[in-house]
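Next, two complexes with subunit A in common: one pairs it with subunit B, the other with subunit C.
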Partner chain A sequence: MKTRTPRAIFTAALLCTAGAGTCCAAGLSGDEILKRMDANTSYRTIEYDGTLAIYSGDTVRTKEMKATAMGTSKALAEFTNPEDKGTKFLKIDKNLWIYFPSEQDTVKISGHMLKEGMMGSDVSYQDALESDDLFKKYAVTVSGEDTVDGRPCYVLTLDATVKDVQYETRKMWVDEERFVALKQEMHAKSGKLLKVSRVLEVQQIGDRFFPVREEISDQLKQGSRTQFLMADVRLDVPVSESMFSLRNLGR
Partner chain B sequence: MISWRVRTGAAVLLLVAGAAAAAVAQEPGGLDLSGSLLADVSALQTSFESPTGITPGGFSQFTINMVNRNKQFAKVEGTGIVTVWTGAYAPLAASEALSTGLFMAAVPDNSATITVELRKLYLEVFTPVADISLGRQIVNFGVGTLFSPIDAFTVPLLSDLNYVRTGSDVVRLDAQFSDVSGLEAVSTIAGGVSTLTSALKLYGNAFDFDAAGVGMYQGSRNEVLAGAYFKGDVELGVYGEAVEHFLCSPWSTYFEGMLGADYSIEKTYFFTLEYYYNGNPAVPGSLGALDLANAPALFLNQHYLYLMVRWQFTDLAGLSASVIWDVSASVILPTLQFTYNVVQNANLVVYGRYFSGDIRSGAAWPGPDFQYGVEVQVSF
Partner chain C sequence: MRNIWRNRRRSLLAMLSVALASLLCLVLQGLLGGFQESLVKNFTKNETGHIRVTTKDFADRAELLPVDAMIHHPDQIESAIRTSPAIADKVRIMTERISFGVLLENKGLNKTAVALAGDPKTEESLLYLQRSILPGGHYIDGPSQTIIGAGLAEDLKLSVGDALKVVSEASDGSLQLKKFRIVGIFRTGVTTLDGKIFQVPLGDAKTFLRTEGGSQSIIIMLDDYHEAARVAALISALLEDPTLAVTPWTEIGDYARLIQIETKIFNALDLIVMFLGAFIITNIMTMVVLERRKEIGILKSMGFARGEVLVLFLWEGVFLGIWGSLIGGGLGFLLNVILHFRGVDFSSYFTSLEFPVDNIIYWTVDAPVAAGIVILGCVISGVVSIIPSLRAARMNAVDAIKSI
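Up next, the complex of A and B:
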């Protein structure tokens, strides 16, 4: 199977990779930087235990889950914390379904629900549905160099080339040594800053550097931010393709 | 004196599924248990004109869920709910339990009633061809939030603030052709054809729309139903159901349908609107409890609307207002709810409801006009 860019549920908008670079800086083009990022974070399958820490001012609520993804198009997450126990999300391409165990009900997420934060977090369902198609929708330029948390970074600017995008522009700070996007800003067409994400912890798994703790904040929600922690990350493990089906969702 | 009502079918299922649960529990992994505690303190008021007619009531509810951890070959899942009703709710709960066949115990002066509901308890076996399940389970056959004419197996509980659905004793088979399409067959566990309800559903996903065709037989009314539903996204979320009823004796047909839409503004305001059309409206006037229990649909008049607006002003707090409107009889059931996540796994709900009549039939409402209260729910 072809190795694909990671786009596990909840991290869809955060682990940004491929694109079409046009400018050069410090000897690397945007294209080359994104290819290095892609090589660093690519996998066929991934399994991990996830924790969402949702901050609203000084208050925090945590949600736990077990997640499995295959390439960019298929993902399954099951929540394990008491309030949401047994609630599952299934992503197949651009479709997303939720299974509610208390009602034994499978609901296709569409319309207004796509704009809601997943389980009350700062990550919307639309974020989770983004795939590597995203990078076919942006032109990337290297706009300079900067430091994030003391680490030198390439600064990339991604401009939408099609209309069907959530964020018109994205600005990305990519670690020059580890090729991980340490920070990202997502803007509306008006230029308004909509979301900011930061990688708080990077783990070396084999010969790759993998972001395992990230924070995303919805700039439209005052005092709101969500930290996403991935633990016990297992890459390229055997996963049955049949688990990504509506039939399996209710099991 | 304590009176007990036991539904025979449920008791048999309890024994069958209980044995299956015990068998599965021996597998490595055992059972996963979760649940919640809910305390409600509220009041019923006959009218604003007579504030002395306020009667306190409330209930304490314990819900326990169980599912086996090792689900490689089979799943056993159950939900049991024990509720202690007090004050004004005690006689109402006793009356409802008598008509629905719940386990029920009441103290002689009707000051307290205990009900036990087995909402789910079923065994599901996974085979390479299909998943087969047997026992009490919630069968969601349609896509409507409140109105779902295609769903003959379960109805929403109008007495519940969230309109939860109850379980049915059924055998069910789900065979998938692809990740998103398949064939589902469901049949009630019945003593004869006259009490049987059976259905087949062919479902799939095309152009990012979920869609299905349904065929059904209802022995109690000797009728065949043919229907379809869809759910998708065209700027706003849209969904609908259509059912044609074919009654065999005497031969007649009629149509039921619903259309729904949902939308949001700035991730803060959420709207849901549903319209329900019933081509077989009940004769206007009062219907007895038995008539309502055996009625062909949950909502008996011709035109209904359901509107829900939710204002999620913080991640932890939200205010929602909903109304069910019987257009034909001009009866409304509005509900106002404030929900606040107090601490991790604990929610506070403050609510109020108004009953202008019986929303099911449009008849005069024998109960109180207003209901308001406070609920605290803790999950574990």
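Up next, the complex of A and C:
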């Protein structure tokens, strides 16, 4: 399976795929569906302008950022909206740092704090840190077919094979034609629905189909949802590896 | 009286049983009182005050400690309250306070905590954290200083002089970091304080959270906290602002309800314990009636009415109960006085408790409660004596004499 890279800190988890599928439906196995999804979402590097809209009840907060990612393990997002201007998120492997320009200092996020929502959004730090690790953590089966927004989809069920997972099971609706996960439900061990994500807009970039507007809602937070919009997406552009370093954060 | 001491051992056993029941009830009531007093004291001074003035928006989401629901002109509200003759006399302390959830970080270690921001001078008479500062530290005496709970310091491996990195969402939704210098570490013995709380100056919090002078709440402590609901209504009428919520502590959170439930449960327990303790009187009186059938027969043949026989035996039971209750009540009261001054350290049991209670509980000494338990013991002793006494009263004189 080709290495799939996260497009940015905030969308890494939403774009996850899984491996080790065995069951077949409509001629494609879970593995094959994931490989096709993988082909859509794989790249060496990516740059884009992101907008995060955090809805809580009647209020909405908008945050803007410029994001760059390299491989599975490195991503950098710098916020550009006036309130957070200069705040940076740096992800290297499973580590996450936040740089605050006001104090010119960095804070590392670790432990149970990773389960908290990033910037008050419905996306947890752990969601953001997840990438192709899902392949190692879940077994996938094709449980049927369904339609999402009028588009036929394969329905995949991902069951955790290891204990160290945030969601015990995931259910994924994958567009049969474009191989994009249009909808995903994340469940706890008890079966309780924790989060739901939906792709609201897909864009064709070259020969790939890219989800550029997605929404995730934390089912435990009443009236809360977060939309993520990617604009000016540039794939496989030259990016210096040195930008993904703690030393570079303060510059 | 002569009848009671006919079989001293048996009567003493009955008194002892009632005495132990009374003692247990009174000691349990003292413990409950101490626990509840500790809960109310810590809850009001650390969190709500006796009365809390906030925006209605904050009150609706108070458990989340939102920082985007500020009172914009807290000084005007304070001024109105201070100049109201009907209210000002009842207010002991009034101060602005902001409580907000934060992420703390030190050398890669993270912990969530709650920042309590208030005027350091006023908080000396409210939070009293300056009394619990460990040697080597001191209380806040300048900006950007903080004192933190010993549990927090241990978890994050922080000491006096270190910088505390505090990350929080500001009122405009932005993510902010501020570094405070740790000038003191406190250990109060209240797990929820020591493990989760740190105190910072109000001015720093306002700047950090970008409140533009606004405050989350105005905390009011009264001379008599029983007046909280009435004074809250007066303040609400005075302010006449539909966007504000003036709430007495009894209407915040579940503690007031918890206290009511606890009291009901303990009262029911008292009743059960007293019945169990006094039940021995029923057994003893039944034996007494059987042993004294001939005597009962003679009394009846001499013209004693049913009621007179009933009262005779009932009085014996009540007498045992009175002495048992008085002895038990007296010993219980004495024990409560001792435990009131010495206290009992429950720290090993309270470590993981989320209630704001002190680790050392000091029993309450309440004379009316003690009197109530003694009276309860007497009444229940009378009640449990009714059946054997009725049996004696209903005996036929001839049958009673013949049966021996």
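The definition used in the following text is that the second predicted complex is superposed on the first by the 242 of 251 C-alpha atoms of A that agree within 3 Å, B and C clash if a C-alpha of one lies under 4 Å from a C-alpha of the other, contacts with A are read in each partner's own complex, and residues count from 1 in each chain.
Just so we're on the same page, a residue touches a chain if its C-beta (ideal position, glycine included) is under 8 Å from a C-beta of that chain, and two chains touch if they have at least 3 such contacts.
A quick note: this is a predicted structure, and the numbers were derived from the prediction, not measured.
Looking at the superposed arrangement, the partner reaching more residues of subunit A, out of subunit B and subunit C, is B. Looking at the shared chain after the overlay, A:R61 reaches both subunit B and subunit C. Of the two partner chains placed around the shared chain by superposition, subunit B and subunit C are both touched by A:S102. When the two complexes are overlaid on their common chain A, residue A:L220 makes contact with subunit B while staying clear of subunit C. In the superposition on chain A, A:E116 makes contact with both subunit B and subunit C. Using the contact criterion defined above for the overlaid structures, shared-chain residue A:T87 touches subunit C, although it does not reach subunit B.
Of the two partner chains placed by superposition, only subunit B is touched by A:S124; subunit C is not.
By the touch criterion defined above, A:P238 reaches neither subunit B nor subunit C. Comparing which residues of subunit A touch subunit B with which touch subunit C, the overlap comprises 54, 61, 83, 102-103, 105, 108, 110-113, 116, 120. Across the complex, subunit A is touched by residues 32, 34, 65, 67, 71, 75, 77, 79, 120, 124, 126, 131, 137-140, 164-165, 174, 176, 178-180, 182, 205, 208, 210, 231-233, 235-238, 261-264, 266-267, 270-271, 314-316, 341, 344-345, 379-380 of subunit B. For subunit A in complex with subunit C, the touching residues are 54, 61, 63, 83-84, 87, 98, 100, 102-103, 105, 107-113, 116, 119-120. Residues of subunit C touching subunit A in their complex: 103, 105, 108-112, 165, 167, 169-170, 172-179.
Contacts from subunit A toward subunit B in the complex involve residues 54, 56, 59, 61-62, 81-83, 85-86, 92, 94-95, 101-106, 108, 110-117, 120, 124, 218, 220-221, 224, 244-247, 250-251.
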